[in-house]
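Beneath this line is the structure, given in structure tokens, with notes to follow.
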Amino acid sequence: MLLHLSTWAEIEAQLAKSKAVVIPIGSNEQHGPTGLLGTDWLCPEIIAHEAQKIAPGLLVAPTFNIGMAQHHLDFPGTIALRPSTFMLAIGDWCRSLAHHGFEQLYFLNGHGGNVATIEAAFSELYAEASYAGRKAGYACKLKNWWDLKGVMRLAARQFPEGHGSHATPSEIAVTQWAYPHAIKSANYAPQIAPTGPIREAADFRGRYADGRMGSDPGQATPEKGGELVATAAAALIEDVAEFEREG
Amino acid sequence: MLLHLSTWAEIEAQLAKSKAVVIPIGSNEQHGPTGLLGTDWLCPEIIAHEAQKIAPGLLVAPTFNIGMAQHHLDFPGTIALRPSTFMLAIGDWCRSLAHHGFEQLYFLNGHGGNVATIEAAFSELYAEASYAGRKAGYACKLKNWWDLKGVMRLAARQFPEGHGSHATPSEIAVTQWAYPHAIKSANYAPQIAPTGPIREAADFRGRYADGRMGSDPGQATPEKGGELVATAAAALIEDVAEFEREG
Amino acid sequence: MLLHLSTWAEIEAQLAKSKAVVIPIGSNEQHGPTGLLGTDWLCPEIIAHEAQKIAPGLLVAPTFNIGMAQHHLDFPGTIALRPSTFMLAIGDWCRSLAHHGFEQLYFLNGHGGNVATIEAAFSELYAEASYAGRKAGYACKLKNWWDLKGVMRLAARQFPEGHGSHATPSEIAVTQWAYPHAIKSANYAPQIAPTGPIREAADFRGRYADGRMGSDPGQATPEKGGELVATAAAALIEDVAEFEREG
Amino acid sequence: MLLHLSTWAEIEAQLAKSKAVVIPIGSNEQHGPTGLLGTDWLCPEIIAHEAQKIAPGLLVAPTFNIGMAQHHLDFPGTIALRPSTFMLAIGDWCRSLAHHGFEQLYFLNGHGGNVATIEAAFSELYAEASYAGRKAGYACKLKNWWDLKGVMRLAARQFPEGHGSHATPSEIAVTQWAYPHAIKSANYAPQIAPTGPIREAADFRGRYADGRMGSDPGQATPEKGGELVATAAAALIEDVAEFEREG
Amino acid sequence: MLLHLSTWAEIEAQLAKSKAVVIPIGSNEQHGPTGLLGTDWLCPEIIAHEAQKIAPGLLVAPTFNIGMAQHHLDFPGTIALRPSTFMLAIGDWCRSLAHHGFEQLYFLNGHGGNVATIEAAFSELYAEASYAGRKAGYACKLKNWWDLKGVMRLAARQFPEGHGSHATPSEIAVTQWAYPHAIKSANYAPQIAPTGPIREAADFRGRYADGRMGSDPGQATPEKGGELVATAAAALIEDVAEFEREG
Amino acid sequence: MLLHLSTWAEIEAQLAKSKAVVIPIGSNEQHGPTGLLGTDWLCPEIIAHEAQKIAPGLLVAPTFNIGMAQHHLDFPGTIALRPSTFMLAIGDWCRSLAHHGFEQLYFLNGHGGNVATIEAAFSELYAEASYAGRKAGYACKLKNWWDLKGVMRLAARQFPEGHGSHATPSEIAVTQWAYPHAIKSANYAPQIAPTGPIREAADFRGRYADGRMGSDPGQATPEKGGELVATAAAALIEDVAEFEREG
């Protein structure tokens, strides 16, 4: 069930059945010579939308498509929120959803660079209740789609070498499966990109000339993407159910 | 050209041809008994995506899908940003795009309630340059899709009565055209909803029991939606071109 | 009744009779070669003070004299608040007045550039109640003095050509009526100033060399100002009464 | 010279002669049974306006009329800014004035409760330059009108007993001189009000039943007010001149 | 009793006996050629720790060691918080302590430059209660260690000349007594440093070449420091007790 | 070399030799029935101070002693910063140190709950440079003391069972070694505490009755603490050196 294609009355009815909602969250940022700028928000969106087709009782919110990507700003097309802005926006999303009675806010994340800020945003929200000496009334959970059960193992089997950490063949494969008309190609040099620390945008572009980090995205195929989506979607349904049981 | 389905190198190439970018912006909020929660961000997205199919040189950014909807919070499914949060987020989007060299940031808006805050956000951005005593280097423009040339006249012809101001038949028609499988129906009582002021959420729900303001959305059809999209998309292409010429 | 010339006990007594308060709000910014820097806060102050002489039961707060004027900063004497600052300050004024039991906060505005930010400030305030799931307990209303009943028609009759949108003959006439010793003169070239978009200060000064937009302020006279004040003051009394009835 | 009754061109000319500007700053808050709510902003305004009549080269900005008065909020009519809001607003005033080339920003203050926040606001402004490793280019100075040379001595002679610290006979005398039609009377009990600490509004109202602190305002007369204004205005002119020489 | 060397259960037990807590607060900033960078937070820490040895029922919190020191930033080793940051941090400390039931929050301060911002922070906290129309439930008090009873008189006797206002012999003596192995020496030129205004860092370094203001720290000895600590510690115990009685 | 026991001239000299500085950072929060409230800031302080005794060229800043501990607020003695406050404060520390020319800012952390917020703070700082299109000029690094080379292995050997994640025997052992007079004892029930998620304070206290998470702190001894400090201090020296080489 997609929240944005529902009416308010349908959401009211859904709340009588489940207090959980999945929010795909990512980033719009460069993904190397062939990766789509939308990769990091498309992947969790693709997986969550697929999951709700299989499990129609699973409610999926609109995608939070811009995240913490300041280090990618020297590559055209990147759109970034400062961590402080990102936290305020996540806060308002959560306050809105909790206002309706949602109690399990499950963020399915597609961007490693988002993790720290999203966790800080959750703490900022919990702190409101903590200082006020009351229960929060809802719980937030962050899960990277590649940390869903079975995904990492599958990716390791698909891409034993050159998976890397940015513009990875697995995330690119997922977008290839969903957007086959937008598959791009390029010559990579070197085949496997270098790795290192992440700092400001100028430093990043200096270290990682074409935007990749440790990856060889040339190994991506739509088929591998389809496998990843299937594995992740099934695991997502299970993980949300567990979150609901945990309360 | 959709930014999120492009690579950074493709955006770099596009920047050599045009400094304009269209950002669909809206809100995720209740739209009466039959309107989709996503109506206000879907409409500008639908129109902008249609326009770039006709004019492939038109660059369309990801959709800014959550806006100023605090007054709708007492209807389930609404997700709202406080104006202050909304302004910070718009600011970071604009700073990111301007960083790449975009000079015409064109926001195609789908939510009347966004207008004041978006304009305030533009002023906040311009103020940075003004206090610093320098040129901004880019211009921001806000256009509601219903203010595109020809749209209001068409809507007035399609819906001479009961167009209203929230959950209007025209916006619902646009989503029906794009998402025919998500068309909903309901009995409206009264057929044309009341009108009045907009304040906080509790006051709003008290005044407008089913969420509509002055509208009879039962008149919407996918066909009318298609006409609106065609008119709006053509006018958008023209309006962006004029903005570019204006510089 | 002027709040600042009253004691707290007098305001306590007034609150037993009416929950409405008028706050003149404007801006201190350049108004072309002959307009006073204070024009935009003097006009609503002049009108509101005149109205409370006619209707002593009308309570008028101190004037909020600095507003959203970043675009005028390249003309000496302009004092501007960033929109975010302006919103916080409006918020604290409203919270203070609501704390005392005022329920109708009526802002009589003298600066078009303030409108978006003031509306955003109201939404920010309402949002506190909306997220908290409670009634706000008070309503805010913004009215530009030139939108008071009869004023625009009178101005159109007085200045059929060259009224423009900044440093207009009508606002300058109002200040001439109230401050006859501060009437200034200059040669205008061109007689009617150009029009165009409003962006950052450097852009503004580049487009509008002497600060006027579309106006010929040379037509202003104290007599015309007196007519405008009389019309506006009478309409203000009526408009506030209607706001009170609306609740 | 009053800034708000000048044109931008007149301020431009003034800047060629002097880089100093006086900003009357105060608060709108209860002042006991007979003190005007505007007392704390009226006093510095009265004194500064009087001074510029004597010394026409002295430039006086519009009055900053709302300040740090949270502790008075339980008395109707008080309007308060939170310290954080107050600091942001002072910051924008100063940035605006410095933008024009003013180098000596002289705040003539009428409210003891403002002092800490205004000083903190100055430090916040200076810190921008300090972190950036550059000169600020302007200096801020805060002076309470009662600290102007000769004022305290005169007040001590006029009111040897019962001057107190809030709703003092000296400040009330100043407003009586300027607004003789707004003189109020009341029976005070006790004649001299109690003193003690200043905390939140509820605590304040509990301690100081009628709003006075340590004062007997019944001793105020317009004549004494006139003497105070004359002394303060002369001292202000001298103090600003010294500030200019200091650079 | 040192809070940081206690367990939560011990603090719970302490709260049954007293609701007061002492927070040493200072700054880490240059203190002339021989003063330690930590001087301003070490002094209140040394005195408070000494006091709790004498009066074990006195609870001392961890030291707030960074304060408002923007003007010292052009001397290496200074660490400064902007006033706005400082206020937020003080706010969170106070909210945390009040959450546990502490009712008297006593800040023992070691830096004159902190005073305005700490007072503004207290007002910001009180304002939360004031706008909400409730009691704060706790009181904040700021005391500079040199304002404790008897300290100024002793310092005047010890250093009749050249005490000055920054890098004073008294504060340096206190650190010499506590950290005898960190005593430094230098030739001062001039023996007594100049005085003047405090503005941004570049201005400060220009005026005060070696960082001192009006002082001759060469007079400091560990013995004099010991006398100061003894006097201050005894007075602190008395002053906190009085604050508790005041409630 | 301890920064706070140095003069500004000594820091100036040190900067000619090294651009690195170690900042111990932690939290003041409950640590179970026997752990000190200061545990999380004492541990990195103890280790860093020990390291600079061994390697006098290692510069150690004052300890940042309050962190992200909102979840511990229902246990008396906890002092917490909201993540947003924490980020602003870290930002000002870093800006201050970078202002002096430090290029490697190494935060030695003692609290797992700090990690996300500190990383978000670093990104916020880097973002300033990224949006401005310039180099940051310095790098930030976060290292938990237990992640220093050899520490985890040693702790696993010392405490093969019941190490847990909060109020661990290893951190308590470190404080026992440094503060032998503050060793506490208690009966633990159960011997090994439960584990689970971390949310707001009320939820936390409900799940973890005595404050421990998964740990049996009764195994701590001063001797084991001494071994941990020795291992960590040596590894810290090495790790900072590597950071300097990395640049």
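For clarity, chains are labelled A, B, C, D, E and F in written order, and residue numbers in each chain start from 1.
Going forward, a contact is a pair of C-beta atoms (placed from the backbone, for glycine too) under 8 Å apart; a residue touches a chain by one contact, two chains touch by 3 or more.
This is a predicted model, so every value here is computed, not measured.
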{"item": "Distance in touch steps, counted as few as possible, from subunit A out to subunit F", "value": "1"}
{"item": "Starting at subunit D, fewest touch steps before arriving at subunit F", "value": "1"}
{"item": "Per Cα centroids, the chain farthest from subunit E", "value": "B"}
{"item": "From subunit F, the most remote chain by mean C-alpha position", "value": "C"}
{"item": "Centre distance in Å when subunit A and subunit D are each reduced to the mean of their C-alpha atoms", "value": "54"}
{"item": "Length of the line joining the C-alpha centres of subunit D and subunit E, rounded to whole Å", "value": "30"}
{"item": "Shared-contact residues (touching 2 or more other chains) in subunit F", "value": "73, 80, 82, 84, 96, 99, 131, 133"}
{"item": "Interchain contacts (touch definition) - all pairs", "value": "A-B, A-C, A-E, A-F, B-C, B-D, B-F, C-D, C-E, D-E, D-F, E-F"}
{"item": "Touch list for subunit F against partner subunit D, complex", "value": "95-96, 99"}
{"item": "Residues on subunit A engaged by subunit F in the complex (per definition of touch)", "value": "68, 70-71, 73-74, 80, 82-84, 87, 113, 115-117, 119-121, 123-124, 126-127, 129-131, 133-136, 139, 197, 199-203, 246"}
{"item": "Subunit A - residues contacting subunit E, complex", "value": "131, 133"}
{"item": "Contact set on subunit B toward subunit A in their complex", "value": "3-12, 15, 28, 30-38, 41-42, 61-63, 65-66, 73, 75-82, 84-85, 88-89, 91-93, 96-97, 99-101, 179, 182, 184, 186, 211"}
